[in-house]
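Each of the two complexes below includes chain A, the first together with chain B, the second together with chain C.
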Partner chain A sequence: MDFELEPTLESIVQQDTLKWIFVGGKGGVGKTTTSSSIAVQLALNHPNDQFLLISTDPAHNLSDAFCQKFGKDARKVDGLSNLSCMEIDPEAAMSDLQQQAQQYNNDPNDPLKSMMNDMTGSIPGIDEALSFMEVLKHIKSQKVDENDDKDKISYRTIIFDTAPTGHTLRFLQLPSTLQKLLSKFQALSGKFGPMMSMLGGGNQQEMFDKLNEVQKNVTEVNEQFTNPDLTTFVCVCISEFLSLYETERMIQELMSYNMDVNSIVVNQLLFADDDEKPCKRCVSRWKMQKKYLDQMAELYEDYHLVKMPLLGTEIRGVENLKKFSKFLLTPYDPKVNGDLVTSLEEK
Partner chain B sequence: MGILAALDLHPYTLVVSSFTVLLIQQLVGFIGKSTIQEFAWLFYLRVGGKLGLSNSFVAHTKKQEELHKLNREKRSISAQDEYAKWTKLNRQAEKLTAEVKSLSDDIAKDKSKINSLVGVVLLFLTTLPLWVFRLWFRKSVLFYLPTGVFPYYVERVLAIPFFASGSVGLTVWMFAVNNVISSVLFLLTFPFKPSVPIPIRQTKVEEVVPESAESKESSPEVIDIADAN
Partner chain C sequence: MSDSPSISAEERKRILRERRAAKMAKGNATSRLNTILTQGNSVKDVSSVKSVLDQEPTGATATTTGNHDLDPDHHDIEGFINTPGINASNDSVALSNSEDIDEMFKKIFGGQVPGNGTDGAGSEDPLAQMMKMFSQPGAGTGTNTPFSEDPFSAQPEEFKYQQQLVQYNTYRHQVWKFRFLAVRYFALLANFIYHFYIIGDSISFASSSHQFIRELIPVEPARSFFTLFSTIEVVIIASYYFLGTKEGFFSTATSNNFVVKLLDMGSMVLPQLQQFKTIAVRLLGYYELLAVLLGDLSLVVVLFGLHSVLGN
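Up next, the complex of A and B:
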C-alpha cells in the first residue's frame, strides 16, 4: 500500500487544535511569503477565529508582504479582519530584560553580579529562551477585545515567521540543562544565602526567583511545542542543493528537540514543461529543480511536500497573497493555473 | 576480634611476610602504578572480550569501522548528483557518530573502574598490611641478635624504639628491608640507565663553544672552563 501524503498544507489548515505554527528556512527562500500565505489561508478558512502572524526577523518584511505598516503591537490586516500581524525584535526585548536585571543589582563592584552574568550567559539557549519569553509575554498582552481574559492568548493560532539566522528554537533543549543548573543554584543559595545577604547581597534571591520563573516558563512552553497537536513546523526551501542541505540539517535539529515537522514547502519552482515559447534557461533550470525534487520525494516520503511556483513578480498585498496561497491547499497545476504567473497586480 | 585473633603470627612469619609486602611495594613503586593500571586495562580488554565483559570495546571498534566505511562511501559519491543517497548516508553517519561517542564514554568509564580496582588491589596488597603490621605487632620482637656479635651501642640502636637491647622489632626490620631492596634495585638498574652528560657550568663570558666539544664526554675545553671558575 502506498502511503503517499497529499502534497498540500491542508492538514495544517484544517487541524483544529494547532496553536503554534513555525515557518523556518534559510534566508531568501520565501519564508515570509509562505508564512503570510499560511496565515491568509487560515484566516480565510476559519472566519470566526482570530489569527496572529509574528515576525521575529530584525529585518522586518511583513510590512512589505502586506503593503501595510506593522509595528510592535498587533494590528489587523486591511481586508482580512481576523488576521493580525506584528513585528518584534527579540534583541530589543532581551536588552529590556538586562536593564531590568541591572536594577536588581547595580553595584559595579559586586563580584556576584558578574558571576551571575557569566553563569547565565554561558547556558546554551538561555538567550533565545529569555527573548522568547519576552515575546510570549508580549503576545499575551495583545488583546483582540478590551474585555478578554488577561492571562490567555486571545488568538486561535499564532504563526511565527522565524529569523533565518541563529537557532530560534534552540531553547527547546534548555529545560533539562536549566533544571540541573537551577537545582545547583538552589542548593548553593540555601548554603550561602545567609552569607550573601550578610555581604550586602539580598537581591540575589530575586535573581533566583527570576531564574526559577524562566525555568517554569520554558518547561511549560516546551511541553506545548513538543506536542504535535499544538505545534508544528513548516520548512521552506527552494530546489537547490544548499537549501536542501540546510533544510535537512534543520529537520534533524528539530527532530532532536522532539518537535513535529511534517511539511516542507518547495518554493520558486519554474514548471517549464509545457511553456508555449520555452525559454532555454528556464527549461534547463527546471530540469535541475526536478532532479532535486525527485531526490526530495525519495528522502521525505512521509512529509507533505508542497510545490509552489515562481511567479513573475513579488507577491505583495492581501489580494495577491490570497491568489497565491490557494495553491498551498490545492496543488498547483501549470496547465490549468499557469496564468497565475503573470496575473498578479503590481503594487 | 576473630580476624585479629587470626593475626597471632609467628615472629618468623612476620619477618617473611613484611619482607614480601615491602618487596611488592618497592616493585610497584619501581614499575609505576600507571604502568600497572595500563597493563591491567590491556589484560581486561583481551580477557574480558572473551568472557563477554568488555562488550563496549568490541562494539566501539566495530562501529568505528562502520563509520569509516560510511564516510568513505559518502565521499565517493557526489552530494549534488545523488542527494537522496548522500543524505541517507549522512543520517546514518550522524547516528553512528553519536553511538560511537556514547560507546567511548562507556569505555572511559570502564577504564576508570579498572584503574580504581587496581588501586584498591594495590592498597590491599601493600599499604594496608604494612599498617596492620605496624599497629598490631608494634610491641612484638621479631628475633634476637646472637650475643657478642655487635657492640652494645649498635645493639641499642637496633632495638629502637623501645625494645630490650639485643632484640629487633618491626621498625628497624622494615627500615633495613626497605634500604636493602631499594639498593638492590638501584644496583640492578643502574647499568641500564641512560648516561647523563657531564654538566657544564655556565660562564658569563659569551664564548662560542664548538658543538662537537659538547658531545664529547670529557673534552679538555669543558674541564678548562670548569677549572677557570
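Up next, the complex of A and C:
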C-alpha cells in the first residue's frame, strides 16, 4: 500500500491532539526560523487557542527572529495575541536548582550531598532530566490568565526550539533506569532508614522525596513525549552531506527513545532551475542540493519532506515570518511563488 | 500510487509509523548511515558506523522475531516493532543500565570511604564505616550485592578482620601503656632517689605534718625536685599523647568506653547526641593523660610519705 505524503507540515498544524512539538537539527540550518514559522502558523490557524514557543538553545535567537525582546517568562508576540515566547537556558535552570540546594545545605562535607553529586554524575541523562524538569516547572508557572489552574499548562501546544546538541532528549531513556535505582534506594531506606536518619539528620528523606519526584515527573513526561498523538519532533536540515548525515543520526536516536518523527524541513534551497538570469554559483549549488534532495526523497519517502527556499534577506519580524511560514502548509513553487525571495521587508 | 479511501487518518499515521520503524530495523539503520557516508563522504575508505538502533542488546531481552512478516506494508506488523532493533533498544539500554546500577552504587558508596579504617578518628566515623560496609562487593559470585537481602552477611572475613584489628589495637595500647608506666616510675624514682641522696640531711628533703618544721626546711631542694618532676611529666605526657594519636590506640580505647557506647545508643533515639560523641572521645583522651599525671603525683605522695615515716 502506497501513501502519497504531502510535502507540508499541515498534518502537524491541523492535528488537534498535539501538545509538544520539538524542532531540532544541526546549528545554522534554520531551526529558529522553522520553529517560529510553525508557531506562527499554529497561532494563525487556531486563533482561539494559546501557543507557547520556547527556545532552550543557550544562544537565543527568538528575540532576533521576532524583533522583540523575550526573556525567562512568557511574553506575547506583538501582532499575534495568541502566541507567546520565552527563552530559557536549561543549564542556567539547572545551576539555579543547584544554588537553591546549596543554600539549603551548605555543608561541603555532607556525605549525602556528595553522594547525590556522585549519583547524578553516574546516571546517563539525569542532568538533562533535571534541567528539563526545571524548564517544565517554569512552563507550568506561566499562565495566560490569572484564573488558570496552577498545576496545569495553559497552552494548547508548546513548541520547543531545541539546542543543536544531540542529547537534548537523552533523558527519555531514563525512567526505567531511575525506577530501578529508586527501588534500590527505597529498599535501602527501609532497611537503614533510622540509621540514615541519625547520620543525615533527616536530609536523606528529602533526597528520596526529590528522587521520587524526579522519577514520577520523568515517567509522566516520558509517557507524553513517546505518545505520537501528543508529541512530535520536526527535523530541520539543509541539503548538504553533513546535515543529511546528522539528520539521519538524530532520527535514529529519537527512534531509540520511541519518539515520533514524521516531518523533515529542508531549508535554504536555491531552486535555481527557473531563474531568468541564472547565476553560476547558484546553479552549481542547486545541482549539489538536488543530489542530496534525491537521496532524501529515497531515504525519507515515509516522511513529510518540506522544501523551503533560501530568501534574499533574513527572515525577521512577524510579517516576514507569516509570509515565509505559509510555505510550510502550501508547497513552495518557484515559478508561482518566486517573488517571495525578494519581497520580504528588510528589518 | 493510491491512497486507500477506507483507511482513517489515524490508521494511516500508525501504518506510516510502523513503516518508518520497519525501515530502521534489522541492521537497516546502520546500512542507511553507511549509504549516506558512502555517497557523500569525501573520504571513501571511512570505517563504517553503527547505528544506536543496532547496538547489541546485552541481556536476555533479545528476543527472536520468529516468522513475523517483515513486509512494511503488511498490516500485521505489531510484532515487528518489538524486534530488538527498534523498541528493544530502549529496553536493552535500560537492562544494561540496571546491571550497571550495582556497579554504580559500589562506585558511589566506595567514594565515601575516607581511609583504610585504621587512621585514628577517621575509622570511628560511623557513616564512613557504613559506606565501607555498603561498598563491599558480594562474596564469591558477585551476585550478593551490598544491597542484597542481608548486607551484613556479605563479608564475614572482613568482620573477622575488623574484630582482630580492634583486638590488636587494644593489645598495642596495653603494651605502650606498660612501657610508659615503666619509664615514668623509673624516672620518678631516679628523681626522688637522686634528691634523697644528694641533699643528705633528713630535714631538707622530707615532709612534715608540723608547720614550723616545714618553715625551717630550705625551699630550694624541694623546688629542684618538682622542677625535674614537672619536666619529666610534660615530656612523658606529650610523648604519650603523640604516640597515642599517631598509632591510633587512643580511639580504640575510647570507643570501648561506656560513655561513648551510651552516646551511640542514645543517638539511635536522639540523633543530636551524635555531635557530642566527638567531644566525649576527646575528653576521654585528655582524661587518660590526666590519669598519668595523677598517678605520678600519687606515687610522689607515697614516696614522701614513706620517707617521712621511715626517715623519722
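Criterion: the second predicted complex is superposed on the first by the 339 of 347 C-alpha atoms of A that agree within 3 Å, B and C clash if a C-alpha of one lies under 4 Å from a C-alpha of the other, contacts with A are read in each partner's own complex, and residues count from 1 in each chain.
Going forward, contacts are C-beta pairs under 8 Å (C-beta built on N, C-alpha and C of every residue); 3 or more make two chains touch, one makes a residue touch a chain.
None of these values were measured; they are calculated from a predicted model.
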Combined model on chain A where chain B meets chain C, clash or fit: clash
Partner, of chain C and chain B, that touches more residues belonging to chain A: C
Touched partner set for A:Val283, first chain B, second chain C, both or neither: neither
Partner chain in contact with A:Ala59 - chain B first, chain C second, else both or neither: neither
Residue range of chain B overlapping chain C upon superposition on chain A, of 92-100, 164-172 or 218-226: 92-100
Overlapping contact positions on chain A, where the chain C interface meets the chain B interface: 241, 244-245, 248, 252, 292, 295, 299
Partner chain A, residues of chain B touching it in the complex: 79-80, 82-84, 87-88, 90-91, 94
Complex interface listing, chain A residues touching chain C: 1-5, 11, 111, 114-115, 118-119, 122-124, 173, 176-177, 180-181, 184, 187-188, 191-192, 194-195, 197-199, 201, 228, 241, 244-245, 248-249, 252-253, 255-258, 260-262, 292, 295, 299, 302-303
Residue numbers on chain A that touch chain B, as the complex places them: 241, 244-245, 248, 252, 292, 294-296, 298-299
Residue ranges of chain C in contact with chain A within the complex: 1-4, 12-13, 15-17, 19-21, 23-24, 29, 32-33, 35-37, 39-41, 51-53, 73, 86-87, 89-91, 93-94, 97-98, 101, 104-105, 107-109, 111-112, 126-127, 130-131, 147, 151, 267-268, 271, 274
